[in-house]
């Protein structure tokens, strides 16, 4: 109940962050255009289209979020709010989780809005499952990717100078999202540890993956492994960011 | 709450010790914490509020050792804190911000939080703007939001760092009265450079210098340090040498100085000391 | 000159960043040239040559926001606009110079992606100019570091994934966005001259 109240009020904070909306809506629109214009695009008229759009949104919007959330754990240091929040009997990890959730809800909202619009279009064309699929795509493909990008940004932001953290976070996400398995360098793409939703897209929604799987098509199990793996990374990234942030604060 | 600080030291890497073997007992009631910049006041308050941990030494609050995480957590339930520099979330209204602080202080009942927030905002004179975004409020109003948040949850220990900085005279007096009322049945630690605020509200005072305890005891005792050493000079052209000048009052005949010294210039008249005189007398003793 | 000097002193680390990136990318190109075939290096270079553009946008967003002394600066004869424009010029100048060097190095190693001769220099130089001008506008408009950073990424995404793949002629590819960016920068320059707006954005009035 307490956590819910905390999330409610942090949501209000981020909801009123006009600048975040101003930037995230055109960003989602760009990604939508890319999803439509891509030669790989299956169009918007079926579940495959929804999944593909979800993946494109996950790749491109996350690239921008990787650049913008490097102060997610450290902004309070400048305003003194960190000091005040530290005097609460609630653990800082809980307070920061609420902030992460607040930011995530706003970031995903614009992408979700477009997925829902595509789903409505599909419902009118007779696809009754479209809305459910849109929500599922947002939950299992879009959300983990976004949270990973935000987590990378937050962790690097807690460890490094902001500008360096932003650039490195973008590069880290670009490597995770774009690095092709065709080059002889390690990459997560093409395997079950990919963070852009390929194993889930193919394993659960039976669509074509963006990167050809190295060891045969992804299965339902690959999807489960992929999701669990992404949840682990998210937890690790934010726990690391929280610890790094506390450690730096203790030195101030 | 009775606070006992026992041989407390805090070192920050590459800097001189912020607190250096500080030992002091602070009774219940209003306590003024004064000292020059860099004396260690803010560090002491951060340790008292559980934000940072000491390098050495212990703090006991009502006999409970603060080095235990459980005791620290328990203290935080009864703590109100106003940091020196705080910018409350600008896109929340004062009412919403206090609600947020109420949640952080684990006040479960939403209605109780809202009622408390209303009452406190009225007490600090923000009832007309309680629903406007904090970003649109003046600096003094934001400071009052900070004061109100420190009082959320009816804390038994209140730690306030420079609370009256930026307040207009009317609000300063109102806040002083409020603090004095609160200090009747709880411990309030007031850190400030405005000695008048301490003189008006704190029966007990602690003076820190270079991380050490230079004085702790009744405020009257600190004032007494300057008894027999406080003088008003006749109007003179140049300031007297080798004395501590407290203030200067220009007159048509020259400037009249209030000084603390053992050897006043000829014609000086002894006067009753105040807290500023006592503080300066103590400072010149070191 | 003293004014530029003091800004340069404050920003010199960031002004060095593009040259460090350029050196790193050239070194990567030099090393890879010895081990991989050209067809393998090109996709890597396509990614690496975008790094300075991303860094330019993020650096500009970084230097143009969160200055604690806007109000103080507006109270001096210099004014906030001159400070912002000087910072923009320093960062943009450094990134443009480094982009030029990067192009020359990779062009001579025959590693520049989609190389159409010396005219292709307009591609990295133009990208940086466009991104920085538009980030300047956004920074003046929002005075928010996260939003300016997000916007810098959005502008780069637009250029890299929507505009450039479809408009392949290097001159046409850069000319239209360059005009739009310059217009945006002039608009931002005008907006930045409004002292009251600048102060109201950052200080409680």
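As written, the chain order gives the labels A, B and C, with residue 1 at the start of each chain.
Here is the rule we use: contacts are C-beta pairs under 8 Å (C-beta built on N, C-alpha and C of every residue); 3 or more make two chains touch, one makes a residue touch a chain.
Predicted model only: the values in this text are computed from it and were never measured.
Undergrad: Report the most central chain, judged by the distance from each chain's C-alpha mean to the global C-alpha mean.
TA: A
Undergrad: Based on the averaged CA atom positions, which chain is farthest from chain C?
TA: Using the mean of the C-alpha atoms as each chain's centre, the farthest one from chain C is B.
Undergrad: Taking the mean of the C-alpha atoms as each chain's centre, how many Å separate chain A from chain C?
TA: 26
Undergrad: Indicate the whole-number Å distance between the mean C-alpha point of chain B and the mean C-alpha point of chain C.
TA: Their C-alpha centroids are separated by 47 Å.
Undergrad: Centroid of chain A to centroid of chain B, CA atoms only: how many Å?
TA: One centre to the other, that is 45 Å.
Undergrad: Which residues does chain C have that touch at least 2 chains other than itself?
TA: Residues of chain C never touch two or more of the other chains.
Undergrad: Any chance you could list the residues of chain A touching two or more other chains?
TA: In chain A, no residue touches at least two other chains, as defined above.
Undergrad: Would you pick out the residues of chain B that each touch at least 2 other chains?
TA: There are none in chain B.
Undergrad: With touch defined as at the start, can you tell me which chain A residues reach chain B in the complex?
TA: Residue positions touching the partner: 1-2, 5-6, 9, 12-13, 16-17, 78-81, 83-90, 95, 249-251.
Undergrad: Considering only the defined contacts, which chain A positions touch chain C in the complex?
TA: Within the complex, chain A touches chain C at residues 19-20, 22-24, 26-27, 30-31, 33-34, 37, 60, 63-65, 67-69, 71, 162-163, 166-167, 170-171, 174, 178-180, 182-184.
Undergrad: Which of the residues in chain C come into contact with chain A in the complex?
TA: 14, 17, 36, 40, 43-44, 47, 51, 54-55, 58-59, 62, 142, 144-147, 149-154, 157-158, 161-162
Undergrad: Quick check on the complex: what are the chain B residues that touch chain A?
TA: 12-13, 46, 49-53, 73-74, 76-77, 79, 81, 83-89, 91-92, 96, 99-101, 103-106, 108, 110, 133, 149
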